[in-house]
Each structure stands twice: as structure tokens, then as C-alpha cells.
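Two complexes come next, and they have one chain in common, subunit A, joined by subunit B in the first and subunit C in the second.
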Partner chain A sequence: MTGTRFVGTKFPRPEAPDKVSGRALYIHDVVRPGMLHGAIKHSAHAHARILRIDTSRAEALPGVEAVITGFDTPELRVGFLRENRALKRDKVRNQRDEIAAVAARDPETARRALELIEVEYEVLPAVFDPVEAMREGAPRIHEVDGRGRPTRDNRVPMECRHHSGDLEAAKERSAFRVAGDYEVPWIQQSCMGTAGCIAEFDANGDLTVWAKTQIPFLAQRDFNRALEEMGLEGRNTRVIVTTLGGGFGTGLDTHCYEYIAILLAHRTGRPVKVLMDREEEFRYLSPRQSARVHIEQGCDEEGRLTYREVRVLQDNGAYASWGATFPTVMLLPVTSLYKVPVVHFDAEIVYTNNTYAQAMRGYGNPEVTMAIESNLDELALAAGIDRLEIRRINCNEPGEVTPMGARVGSCGLRACIEACAEKLDWRAKPGRNGRLRGVGMASMLHVGGSGRIYRSDASGIILKLDDFGNVNVFYGGVEMGQGLHSTIRLAIADSLGVLPEKVRVNPTDTATCPWDVGTHASRGAFMACNAALEAVRKLRARLFAYCVDLFPREVERALRKQRAGGPPPRPEGGAAPDRSSPPSAEADLSFAQGRAPGDFELEKGLVFVKDGPDAPWAKIPLDRILRAIHFREGGDMLTETAFYDPPSELPDWREGRGNMSAAYTYGAQAVELEVDPETGEVEILRFVSAMDIGKVLNPQALDGQVLGGLAQGLGYALYEEVKTEEGAILNPNFTDYKLPTAHEMAFPVDLVYVETDEPTGPFGAKGAGEPGLVPTAPAIANALRDALGVSLRTLPMTPERILRALDPSAS
Partner chain B sequence: MKARLRFRLNGKVVETEVETHWRLLDLLRDGLGLTGTKEGCGAGECGACTVLCDGEAVNACLMLALEAEDREIRTVEGLVGPGGRLSAVQRAFVEEGGAQCGFCSPGMVMSAQALLLEDPDPSEERIREALTGNLCRCTGYKQIVAAIRRAASLRRSEAGEGERGEAGGEG
Partner chain C sequence: MEGGLRHRPKTLDEVFRLREREPECRLLAGGTDLCVQHRGRLGETPLLSLRRVAELRGVARSRPDLPGAADLLPGGECLRIGAGTTLSALLNETEIERGFPALRAALSAIGSRQIRNVATIGGNLCNASPAADGAPPLLVLDAAVEIASREGRRLLPLEEFFRGPGRTSLGAEEILAAVWVPLPFEDEVSVFLRKGRVKMDIAIASLALRCRRGAGTLSGLRLAAGAVGPTPLRLRRTEALLEGASLKDCGLVREPGGRPRAREDGLLARAMDEASKEIAPIDDLRASAWYRRRLVRVFLERAVAEVFAQ
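Take a look at the complex of A and B:
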């Protein structure tokens, strides 16, 4: 491996020029010849039996090519519990249920046709609260489960718990104990580019889907299963990932709208695009999972944690998407954030007639870290220990094995906490100071070496060198703006020994890229770079093996050419050729003869012998060598592949045990803020984020991830909430659903990176995509308590909630 | 129903027939194939559809196509100079990491362009004010603000070199 040169330096993203000039093609922009536009009719009720659907008037509308319902199409099952259907037939279970769909020549005609579809319902009693849904006699959302077995109640059959140690004994031993109930809402991922896809069949019956997805290969599996259900056994799906207008978890599942596009494309024999507008996305795309969290923590006289008890209740809504699996990610912070000897974690997930939830950045971690970190401050107050001190006392350490069996490799949490305290000048302003000002801090822990939730947690990569010295990269993970492609570029440039602009990362396509489990769990850079490093090792070995024979000839040629007055080899990247040492007539070429592969090196696109002369003719451009390898009898081209599966364990969810990640990322955030006592408005004065990311690979992308995460954390803490009434979404637009703007993000932010050099990480790096938002809300909640003297335990902490907390009698 | 429309688009005269109910956004994207201008909300809330109309930033989703009659419209494609040379604002967005997913970027770039036409050396506060109509879910805005500051200085130094402003310099 060559010495690191580009890793760790500021480098622009290769796709950015297309994005800023309007050339990047999002799903909105892709058009196929003869393409139709699909639109979907949704339920008018939260819970009702479908008695009759009359599509005749819609079919008669000029421009309409097809109208489909669950009654005239094959039943396509959706979701990991298989209890959802692309088009509902028996009954609707929430207000977003899909009951019919239209394909028409343009989106307006398709939407107009929807209004002409008549549906007769028999309205059923509905339930919108998970506690009520668990009561005996509550309306049953699913009479049978995904396998057709009768259900006993509304509980989602998902088990995830962890019990270690004697809880009652630990409680008795504790000098201080504090309990609290926290509530976090559904929020919308709010990708600026709304969701959509195009489905198209070829004449063989094979399917291509242009998708806004983060899991192209799992989507291929899901869609192939749909093809089977449609009677198209043996047919295949190719998933092509367009430029994503944001991901944030929305692309981790396959969605009913995608299956409906497939059904419409099959019915019409034409490509069909289904594209959500903003209101549809708010109403019909799964938001982030909400949760109610009960927590209790205790400590001894010195402030050492004695136990942590957490009970989570999730309103699952009508069907299971990934929201139902949030507890599997909560498990990590609950059992492993700070040293805590006794942990009891239980989760209950309950069907209701509400919307159902999917992944979003952090995936359960922010939900439960809000409770852990906020409650920890209250425990410190009860114990009379400084809030910073209690975090120091219980800080995680390298080498620790946590109750769930997470094996901590590198861990810089202590340095993160100290950095936050120092940058915020914590000691200088403890407590309230008359102006409703406060400071707060929160820590976090997240998977940093991918997170094993499937049997394979792997990523494949293909590196293909061509005659021009380009490194063509085929990687199955998804660039969604986070900077994955630029990070891959830097990693390959450094490890292989070429300039970054020679590394070309191709669009993700299941037909050309090797399998990847998906871009989630902050795993993109960790996985892609680890896979790339392995493929690079193989490439260099093969290249240098060929050099034993080819290099002497190439040097001789270069020397001959140069003597004849030709230009010396031009270093890659357009630097001026080096004319400093003209070759002497009797230059000795014996240095190149009889060399072993290990004597060669490749740097900045030039191949040379490590202890050879430092002359331009003794350094051969990579493309020359590659052509020499290619254009001869028995020629060869260099392509290498690697399939990297990280050293981690698939946890036993029922026991809540297993080392789910190859590495763990730590961090802390601290904030100083001021509250206006009249209006309850919060003004953030400054923010510090300190993260142990192992090693900074790509500083521009990393800053972008942390700052973007922080903005989402701020929205989660203060502004964002999907409001519902009887299952209907009340605020499906950006006027009523408030995202942070440049104005809310005006405060200064200090970014600190702690480099702990993780042994399993590429160049020592750990995952960093999600952590930015994990501790933001509790840091703000803790600062608010510091400023106001009261605890806010419900997100978002709006001015109304703040005023109510200040004066409970007021409203 | 269709009507005739004549306006200047990215420096060239366009004469076309449009559906009377079409928004400027529909004409640009569906009628003329200029898909650089994005639709993020269709309701004037996100700024992804920002274009310049006579040098001022407007939401193309709120403007009827016919309202462009006799006006000068500039889109993100129209900032790119001969040979594909990106404008100072576009280059600065690339260099500072102002585009992540990039869906907001065309609108951000056009809002920045409008601001710099009006104020070549805006304060950070002024920049943030100019961006309040443009939502970004990816960046947290910091790198976008940095990009606009850089664009301002790039434009000033290019103007100082006596070069003609890049395409779109006059809006």
C-alpha cells in the first residue's frame, strides 16, 4: 500500500458539478419512451371493510390506459412480516391504504381518474392508541398474520429484549434512583426529492425498476418474489438506482407504490412512473417510528451507574415496516452507552390504525438516547454530582465488553466529552444565570463497523482497470449525497497509487454491481473502503507480477524514445513533465532486470522500481503498462473483485446479545441556549459536536454528515412532528411541518474529531453517517432543564410545551 | 387550452405554445426539457424551483408560464458558460461541499445568484436571509453559506481581472 496522500484532505464530490448545473437525473427527471404515469387511490377511512370498487367511470376517461384494484391483480405481499398487500382487498387498516391505481398518459389525467373511482366501505371501529390497542376487546387490526394464522391480539410478533443481572438487587443497592417517561413523535424524513420509481418489462418478461432505494439488492429479491406471485417464475428484476434526492432511511424498504408501478407496467405493457408529490409523501410514505420510553437509572454514592431499566412502547400503525425493528437498534445504547452492570430492556410493538413507520437516520438510537441522556442528567441532579462528572465516571473504555456482548475496540468517548466541555467553556457557566440561559450535553454510541441484522452483512466491489489507466468502480451501495463516491475515490487513489480523478465510481445497478446489503447503519464508507482495500491488494499483486517481465522492456522503450527527443512520461494529473535529468547515453538498465514483484511500486499513476533511479524514463505511466499487459498474445486485463463481510455477530434478539458491529462510534454534543420567557422560543447560542470516528477519511463529506445530522437533530428536538387525528395526517406540507431553515441554523458550531485509529476500519475509520443527530435532542433538553429548572420529556420541545412546563397552570 | 408565449430563456428568445394552466415549472421541465429546475413541494415552500425572472429569484411553481411573456428567465442550466464552464456560484458550491443529494442545489444556486447580483459582498446574515425560502435536508446549510461567501469573492476577483461576468451575470 502506498502512503496516504488524499485520504484526510478536502476533496470535492465527483458528482457535484452535475448536481449544481441541473444535469443530475433524479427519478423526477428520468423519462422512458412511451412512459405512462401512475397514480394511487388511498383509503378514505382508517378501518373499514371494502364492499365494492367501481372503476368503470375512471376507465372511460380519455387518456387512461389501465385501472387496477386488488380484485383484478395478483396478490403481492409487502413487508418483512408479509401481512401487507400492494393493493388491499379485504379491508383497509389505515388512511394510507392503497385500494386502486391508474396508469394514464400524464399525471393530471391519472389523478383525475382517481376521483372517478367509487368505493363503498363498511366502516369499522378503529384504534389509534397503542395502549388501547392492547386492551381486551380492542378492534383487531389483523385477524390473521402474514402466514394466515389467527392472531391473538394486536401485538406485532417481534421479540427484542435484554435482561442481565438482578434488577431488584441493583435497585436496592442504589443510593439514588430516578425514573422518567419520554415520548418522541413520528417525524418525516423529508427528502427534498420525493419518492418515486419507474417499472418497465421487456419482451422476455424481465423487469427493470429505476428506484429511489438504499437497498438495490434486497429490492431485487423483493421484486423477484413479486414476479413469482404474478406467475412470472424465473424472470428477473434489474434495479437501477437513479440520483437520490435524499435517503435518510426512506429507501430501506420496498414500498407499495413500487409494487403498484410493477402491476401497472405489466398490465399496460408500457413503462410506468409513479411519483409522489409533497403532500402524498407526507400522507403516504412511512415516517420515522415514534416511541414512548419509560426509563429508570440508579447510581451509588460516587455516581457509578448501578442499573438501567428501559421499557419501550411503539405504536406500529397498521403494518410492519422497519419501524417495528427499532428496538433491535435501541439495544445497543441501552446496554452499552456508559458502563452499566445491570440492564433490563423490554419492548412492546402494537398494531393500530395509524400510519406505519420505517427507518430514519439513527434508527431507534435517537429515540432511546433522548431518554437515557436526559434521565442521566436528572440522576446527576438527584445525586448532587456534576453532570459532566457523572459522564466521566461512567465513561466507556477501549477493550470493554458490554452487557449485550459488544466488544469495544477503539473508544474515544472520554476525549469527546472533554472536548465538548472545553469548547463550550462548561465550567465557566454552570447552572442558571438569570437570563434563562443553560448548557447541556449528551453522549452517544452507534454502530461504526456496519450493523449485522441479516445473516450476510457484506459488500462486494469490482475494480476494473482499463487501457487509459482509469479505475472503474462497481459498488452496490448507494450514493445519496453523503459523499460515498468521493470517499471511495480517495481510498482507492491512496491505496492503489493513482490520482483521485482516475477513479470513476459507476452508477449503482444490480446488473453490474456485486451484492451489497444496503446503505444503512452508517456503513457505506466503512464497508466500501474495506472491500476496496482488499480488491486493491489483489490488483497490485497482479500488476506487479506482470511488471517483472514487462517493466524492463517499457523502461528501455521510454529511454529510447526520450533519447530520440520524445517527451518524457507525463505524470498523471497534467503536471509539467520533468526534464531535469536527461538520460545519459549509457544509462544502466540493469536495475529493471530480474526484479521480484515486491520491488515495484505504483504512485500517482506511475509504476517504478522502489530503489531504481529517480529519472522520468524510469517511471512508466500505469496506462502504458496496462496496454502492454493487454495488447499482446495471451494478453490480460486487470479486474479484481472483493467481497468483504465484517467481523461481527448476528445478535440473538430474544436474548439481546451479540457483538453486532465490527466497531463502535462514540460522540458527544454540547449546547448553550437561551429561552425567551415570554414566547417560549429557544435560541441556540452555540453548539459543539465531538465525535470519535476513528480517522477522518473525507473531511468535507464528514463535516457535511455531522452538520446535516445536527440540523435534523435540531428539527427533532424543537420543531418537527407529524400530527395526526383519527389516523389522518394533519400537517402534510412544509408550512405546517416545520423544517429547520438557514435561519434556525445560524448559530456557530464547533466540530471536533477524535481519531482513535480503529483496527477494523479502513485507514482506521469508523462509520459516521448517522451519529450527528443521535445526541442532539437530549443535549438540548438538558440545556433547557439547566435554563428553566424543569424537564421536558416530550419531543418536539415547542414553545407551547416550554411555556406549559414553566407554568403548568397556564393552559 | 393553449396560448402563444414569447420570452427570453437563458439569453435566447423562445416562442412556444403552452397550456394556459401550466406553471412556469411545467413549461421548463416538461415542455422544454430543462429538468435542472426541481419540484420539491409545488407550493412555494421549499425553493427547489427557484429561477431568475428579470434578475430576481422567483418560485417557478407559483408562476404561470404565461406570466413569463416578454420577461427574461434564467435557469440553473443558463448559468453554465461556453464549453460547460460552471459559474462562480456553481464552482463554489462544488468546492465547499454545498451540494449533498443536490436536489435543493439548483434552487440554492439561483437564490445565491440573485443575491450576488444585488449585493456582491453580502454579510452572513444577508446570505441566511436570502436562503430562508430554500429548504435543504442534507447539509445543515453551513457549507452552503460557505459556498456563497466563496462565490462572492470569486466573482469579485473575476470582475477585478476585468473579465466579463460569467453567463447569467446580468441575470
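Take a look at the complex of A and C:
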């Protein structure tokens, strides 16, 4: 491998010009010939039996091509527990349940047709609180599970726990113990680009889906299963990923609307697009999982943690999507953030008649880090230990094996904590104009080497060199705005030895790209670059093997040409070489002959012999070599693949043990703020974000990831909450659901990268997509406690909640 | 019924004629509220745009020559603000910048710069949101509205213009033509305080105060609050309590941290109690009634402190 040249430098994104000039094709822009528009009728009740659906008036509306319900279409099962159906038949279990759908010539007609569908319900008692849903006699959401077996209660059959050490003994041993109850809300991923898809069958019955997805290959599997359920055995789905206007976890599952588009396309024989507008996205797609977290931590006289006990209760809503699996990720920070010898973690996930939740950036980690880090500050207070000091005392170290069996490779947490200590003024200071000033911090730990939640956690890549020296990359992961494609570019340019603009990353398509488990768990760059490095090694080996024979001839040719006055080879993108000293007539070509593959090198698109003469004619452009390999008898083209599966273990969730990631990313954030004790208004003065991300691959993309994460963390901490009443979403728009804007982010952020050089990472890098969001809310909560002397344990920490915390008797 | 932009008349007469013929049309000024109300499906509503009606735009000093002017605008010379004047245009007026700090603060709190470039003062008032930021400062300025129809023009105190959430005194044939604001006194002070959930947001509570500094007392005091009742509210009982009060009467002290504080035995503390009785806030998605009361109390305390500090 050549030394790194582009990795670690700022480089423009290949997709940026199309995005800023409006050329990029989002799902909204994709049009297929003859395409119809689908719309979905949703439930009017949170829990009701469907008695009758009358679609006759909708069918009679001019422009309507099809109206379907669960009664006249094959039953398509949805979700990893298979208890959801694309179109509901027996009953509705929440207000977003899909009961009928229309395909029409335009979206307006489709919407009008929905209003003509009449549904008769028998309303059933409903339950909206997970505690109530666990009580005996509570309305049963599912009478049978996904396999048709009778259920015993409303608990979701998902076990995830971890018990290590003697909890009672540890409690007795502790000099200080602090407990607390935390609550975090549903929030919306709020992608700038709303969701949608197009489904189209060809005449053979094969399906193509243009999807806004982060899991094209798992979607292919899901849709192929749907084809089977539709009686189309042996047919295949091709998933084409359009330009994504943000993912944030929304694309980690397949959704009812996608299956409905497939059913409508099959019924009509025409392509069908289903598009969500903002309000529909709020109402009918899955927010981030909410949670109630009980935590207790203890320490000895010196501040060493003695135990951590965490019990999580999740309102699962009506069906299981990935929200139900948040405890599998909570497991990591609960067992492994700081050195803690005894850990007890239990999670209960309960069906209710509320909306159901999906993945979002951080996936369980911010939920539980809020509790761990906030409670840790309270423990420090109780023990009379400085807040920074308690974190230093319990800091994770390289080489550590945590209670869950996470094997810590690189770990820069200590340096991250020190950066927070140095960059803020931790002394008590008064605020301005009667406001109260506070400083706080929180640490975090997240998977940094992908996270194994399936048996395969792999990513495949294909690198195809063409006659022009382009490196065409086919990668199954998804660029959703995070900068993955530009990172792949830099990594391949450096490792192969070409200029970045020669590396062309193709759109993700299951027909052309090798399998990838999905773009989640901060894995994109880690996985893609590791796979790319392996493919590059193979490419270089084959290229240099051919050079043994072909290189001398090419040098001779170059020399001949140059003597004849032809243009000397120009390094790609570089200045024209010096022509003032033409090679001497008697230039010795023997240096190029009888060489071994290992003698060759490729740099900036030029092939040369490592100890050969430093002359223009002795460096042959890659494209020339590639053509020489191609255009001859018995010619060849260089295409290499790699399939990288990281060194990690699929945890045993019931025991909560296993080294789930090949590397672990650490970080800490600290904040200085002022709060107005009379209005509860919070003003952030500055933030420090110190992240141990191994090595910086792509500084521009990394800053974007960390700052974007911090902005989302700020929203989570102070503003965002999906509000519901009897299962209905009350604030399904940005008028009533508040995201932070540039105004709220108008404070300086000190971005610090602790570069630890991770041995399993490409160029030493670890995953960095999610961490920016993880410690933000507890850092703010801790600063608020510092300012106000009270603890805020419910997100978002609104001014009203702040005032009520200050004055609990207020009515 | 065809939706979308049907007409773009250039004169008020044309507007009246078209409305008579097509009463189903909604009037479009800046459209910033209509867009939100129609959730991006504005194209399905028939619209009559007022944006080309030049006589609705502009700010000028003028004497109202309308029935009732002598009672409603006794000072004579006023600022006449065309209802179609954009918020940005108003913010660029030196007259507003110099003479009406509360109005200016309120207008600059509305939306973003892009919103203010199209949103109009008339639209802000006709939308009749209890939270309309333009309303409280105009209420404390004793503004009157000029209402036009085919039959002619009439003046109405702004306070009587608001009838409830989304409801105004405008008849089916009438439109809001202008807002008349008496010119400020030499020693006039005005303050506007508000809070949203984020900076660019509908107010969850707001308060405007205007008075003359007189001889160190609050004279000619006017108070109005937004988002704490079915309409923007004048707080007359609170005004009466504080009218003529001095700093000493108010019982305002400055805490060591620099925050003004109304002593419990002072007049201002009583006025704060009165104000929280005079308003009628509700619990909604944005805030609780309890929090809105807290805000109005704090705003009053701070606004009075601000007056004495100036």
C-alpha cells in the first residue's frame, strides 16, 4: 500500500454538485412510464375490529385504477416478528394501521378515492401505557404471535438481559449509591427527504423497487418473501436505492407502504409510486423508540464504581419493528461504559395501541447514556468527588474486556475527558443578567467496528478498472448524505495509487452490488474501506503481475514516442513534466526488465519501478497499462471483489454477552450554558466534542457527522417530542414539532479528534456516524444540574420542565 | 371548483368586484399563514392575490379623514401603514425604527427573513391568531384599522377588530386596507417581550408595554399580551393599577445578579398578580396555561424594569 495522501485531507464530495444544482434524483423525482400513484387508507381508531370495508364508491371514481384491501390481496407479513400485515384484515391495533389502498392516475385522485372508502369498525378497549398494558386483564393487542401461537400477555417476546456479579453484595459494599428514573420520548428522525418508493413488475413477474432504504439486500430478501406469499415463487426483486435525503435509521426496516406499492403494482400491472408527505411521515412511519429507564449505580469511598443496575421499560406500540431491539444496543454502554464490575440489565418491551418505533441514530445508546451519565454526576455529588475525577477514576482502557465481553482495542476516552476538562472553564462563575451558569459533560461508547446483529455482518465490494483508468466501485452500502462515497473515494485513491476523481462510486443496486447487511451502526466507512483495502490488495497484485511482461514494452514505447517529439506522459492531474531534458539516446531500458511484481508501484495513476529512474518516460499511466492488458490475444480486465466480515461475535442476547464489534468508538462532550431561572430558557454558550474515532479519514464528512449529531442531540435534549393522545399523533408537522435550527446551533463547538489508530480499522479509523448525538443530552442535563441544583430526568428538558423541577409544588 | 391562484387584481375596486362574483376565493397576501394552514395543498383552494394591489402598500404620515377619526385617533397626525406592506418593508422604515421600538421588536421576531420578505402586516392581523406578534405592540399604540369595502371606508379600534381565534370583525365584503398608528410622544417608551419554543416559532406568550416616562412615573400606560387568550388582549385592569406609579411605588429592586425583582409588597407585584388574572391562557401543544401565566408575570416585571432603566 502507498502512503496516505488524500485520506485525512478535505476533498469535495462527488455527489455534491448534483445535489446543490437540483439534479440528484430523489424518490420524489423518479418517474416511470405509465406510473400510477398510490395512497393508503389508515385506521380511524387505535384498537378496533374491522367489520366491513366498502370500496365501491372509490372504485367508481374516474382515474382510479385499483382499490385493494387485506380481504382481496395475499396476506403479506411484515416485521421481524412477522406479526404485522401490510394490509390489516382482522383488526386495527393503532391509528396508523393500513386497511386499504388506492392506485390512481395522480396523487390527488388517489387521495380523493381514499375518502370514498367506507369502513365499519367495532371499537375495542385500548391501552396506551406500557405499565397498564402489562396488567392482568389489559386489552390484548395480539391474541396470537407471528407464528399463530396464543400469546400469554402483551409482552414482546424479545429477551435481552445481562447479569454479571453479585448485585446485592456489590450494593452492600458500596459507600455511595444513587438511583434515578429517566424518561425519553419518541422523536422523529426528520429526514429532509420524506420517504417513498416505486414498485414495478416486468412481464416475467420480476419486481423492481426504487426504495429509500438503508438495507437494500435485506429489503430484497423481505420483498422476495412477499413475492412468495403472493404466489410468485422463484421471482426476484431488484432494489435500486435512489438518492437519499437523510436516513437516520428510517430505512433500516421494510415498511407497510412498500409492500402496498408492490401489491398495487401487481394488481394494476403498472409501476406504482407511494410517497409520504411530511405529515404522513409523522403519522404513519416509525419514530425513535421511547423508553423509561431505572438506574442505580454505586461507588466505593475512592469513587470506583461498584455496580450498575439498569431496568428498561419500552412502549413497543402495536407491532415490532427495530425499536423492540434497542436493548441489544443499550447492552453495550450499560455493561461497558467505564469500568464497572457488577452489572445487571433487564429490559421489558410491551405492546400497546400506540405507534411503533424504529431505529434512529445511536439506536438505544442515547436513551440509556442519558441515564448512566446523568446518574453518574449525581453519584459524584453524593460521594463528594469532582465530576471529571469520577470519570477519570473509572475510565476505560485499551486492552480491557468488559462484563459483556467487549474486547477494547484502541480507547482514547481518557484523552477525550481531558479535552473536555481543558477546553471549558469548570470553576463556578455567575451567569449574565441574573441567569445561572452551568457546566457539564458526558462520555459515550459506541460500536466503532460495525455491530454484529445478524449472523453475517459483512460488506462486499467490487472494484472494476476500465480502459480509461477509472475505478468503478460497486458497494452495497448506502450514501444517505453522510459522505460515504467521498470517504470510499479517498480510501481507494490512496490505497490503490490513483487520483480521487478517477474513483467512481456507483448507485447502490442489488443487481450490480455485492451483498451488504445495511448502512447502520456507524459502519459505512469502516466496512466499505476495509472491504476496499482487501480488493485493492488483490487488484495491485494482479496489475503488478502483468507489469512484469508489459511494463518494459510500455516504457520502450513511451521513450520512442518522446524521442519522436510526442507529448510525454502527464501525471494525472499534475503539471506537464519538464521537457527541457529529453532522455538520452542511449537510455538504458534494462531497469524495467526481469522485474518481480513486488518491484512495481502505482502512485497518482502512474506505474513505475520502485528503484527505476525518476524520469517521465519511466512512469506509465495506469490507463495505458490497463489497455495493454486488455487489447491483446488472451487479454484481461482487472476487476476484483472482496467480502469483508469484521472480527466480532454475534452476542447471546439472553446472556448479554459477546464481543459485538470489531472496535469501539469513545467520546465525550461538554457544554457551558446559562439558564434563566424565571423563564426556564436555556442558552448554550459553547460545546466541546472530543471523539476517539481512531484516525480521521475524511475530515469534512467527519465534522458534518459530529456537528449534525450534536444538533440532533440538542433537539433530543431540549426541544423534540412526538406527542400523542389515545394513540393519535398530536404534532405531526414542523409547526408543532420543533427541531433546532441554525439559531439554536449558533454557539461555538470545539471539535477535537483523539486519533488512537485502531488496528482493525481502515487506515486506523473507527465508526463515527452516530457518536455525535449520544452524549449530548446528558451533558446538557448535567450542566443544568450544575446551574440549577436540580436534576432533569425527562427529555426534552423544556423551559416548563425546568421551572417545574425548580418548583415541584407549582400547579 | 378549481383551486389555485385565480386572480391577481391591481386595484381595490377590482378586488371588490371579483369577491362579489367569486365569494369562494380566499384572499392571499403574503401567503405565509395560508401555506401552513393548507399543509402544502394551497393549490386546491381558489385564491385571489392582493400582492399587486399597489394602494395596499406603503407607509406614510397622514391625517385620517375618516368617520370616527376624531375619537379614535385624537392626536391627529398618524402613521398610515398599508395592510399589504411586508414586514421587511416595515422594518426598513426609519420612522418605525426610531419611534416604535416594541413594534419593531415584534415584527423582527416573526418567522425568518424569507418569511418577513413576503408576510404582510395586514395578513398578520387578519389571520387573527391570538399569538400574532404584530398585535400586542399595535394594541398598546392605540392603533386603529381602516376597513374598506365597495360602500366605503370605516375606522375601528384594533382591539375591536379581533373577535376570537381566527375571527375578525371584517364583513364578507370587507378587507383590511390599513393600520393607523398615532405618532409617538417625545418621551414615549415601548417594550416587547416574547418567547417561543425555539427562536423561530409562534409566540407561546408575549407582552407589549407602552408609556410615557413623565416625571419618573408610568403615565399613559398601555399593556397588551399575546397567546394568552382567545384574542390578543389589552390588560386594562393591570394598566390601571400601575398608571402613575413611580419606581419606588413599583417596589422594583435589582438583585445582586443584575436581575430586576418586584418586591412582594410593591405595586408591581400586585400588578403581576392582576395580569395573571386578567389573561385567559389555555393548555395546548406549545405550553401549559401555568407556564404562560409565569411568562406574562416575568415579562411584566422585566418590561417595567426596562422602562425605568431607559
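For the reader, a short list of remarks on this structure follows.
One rule holds in what follows: the second predicted complex is superposed on the first by the 797 of 811 C-alpha atoms of A that agree within 3 Å, B and C clash if a C-alpha of one lies under 4 Å from a C-alpha of the other, contacts with A are read in each partner's own complex, and residues count from 1 in each chain.
Assume contacts are C-beta pairs under 8 Å (C-beta built on N, C-alpha and C of every residue); 3 or more make two chains touch, one makes a residue touch a chain.
Bear in mind that the values here come from a model prediction, so they are computed numbers and not experimental data.
After overlaying the two complexes on the shared chain, residue contacts for A:E678 are found with subunit C alone; subunit B is out of touch.
In the superposition on chain A, contact is made by A:C191 with subunit B only, not with subunit C.
Within the superposed three-chain model, A:K723 lies in touch with subunit C and out of touch with subunit B [touch as defined at top].
Contacts of A:N733 after superposition: both subunit B and subunit C are touched.
By the touch criterion defined above, A:A24 lies against subunit B but remains apart from subunit C after alignment on the C-alpha atoms of chain A.
Look at A:P12: by the touch rule set out above, it reaches subunit B but stays clear of subunit C.
Once the two complexes are overlaid on the shared chain, A:A711 sits against subunit B while remaining clear of subunit C. In the superposed model, more residues of subunit A are touched by B than by the other of subunit B and subunit C. In the superposition on chain A, A:T798 contacts subunit C only, with no contact to subunit B. According to the touch criterion, the shared surface of subunit A, contacted by subunit B in one complex and subunit C in the other, consists of residues 277-278, 733, 735, 739-741, 743.
The touching residues of subunit C, counted against subunit A in their complex, run 36, 39-40, 44, 195, 197-202, 255, 257-259, 285-288, 290-291, 294-295, 298. Of all residues in subunit A, only 108, 277-279, 430-435, 678-681, 719, 723, 730-731, 733, 735-736, 738-741, 743-744, 798-800, 803, 810-811 touch subunit C in the complex they form.
Residue ranges of subunit A in contact with subunit B, taken from their complex: 12-13, 15-26, 28-29, 189-194, 243-248, 277-278, 480-483, 700-701, 703-704, 707-712, 733-735, 739-743, 745-746, 749.
Of all the residues in subunit B, the ones that touch subunit A in their complex are 29, 34-43, 45-46, 48, 75-77, 79-80, 84, 86, 90, 93-106, 109, 124-125, 127-129, 131-132, 134-145.
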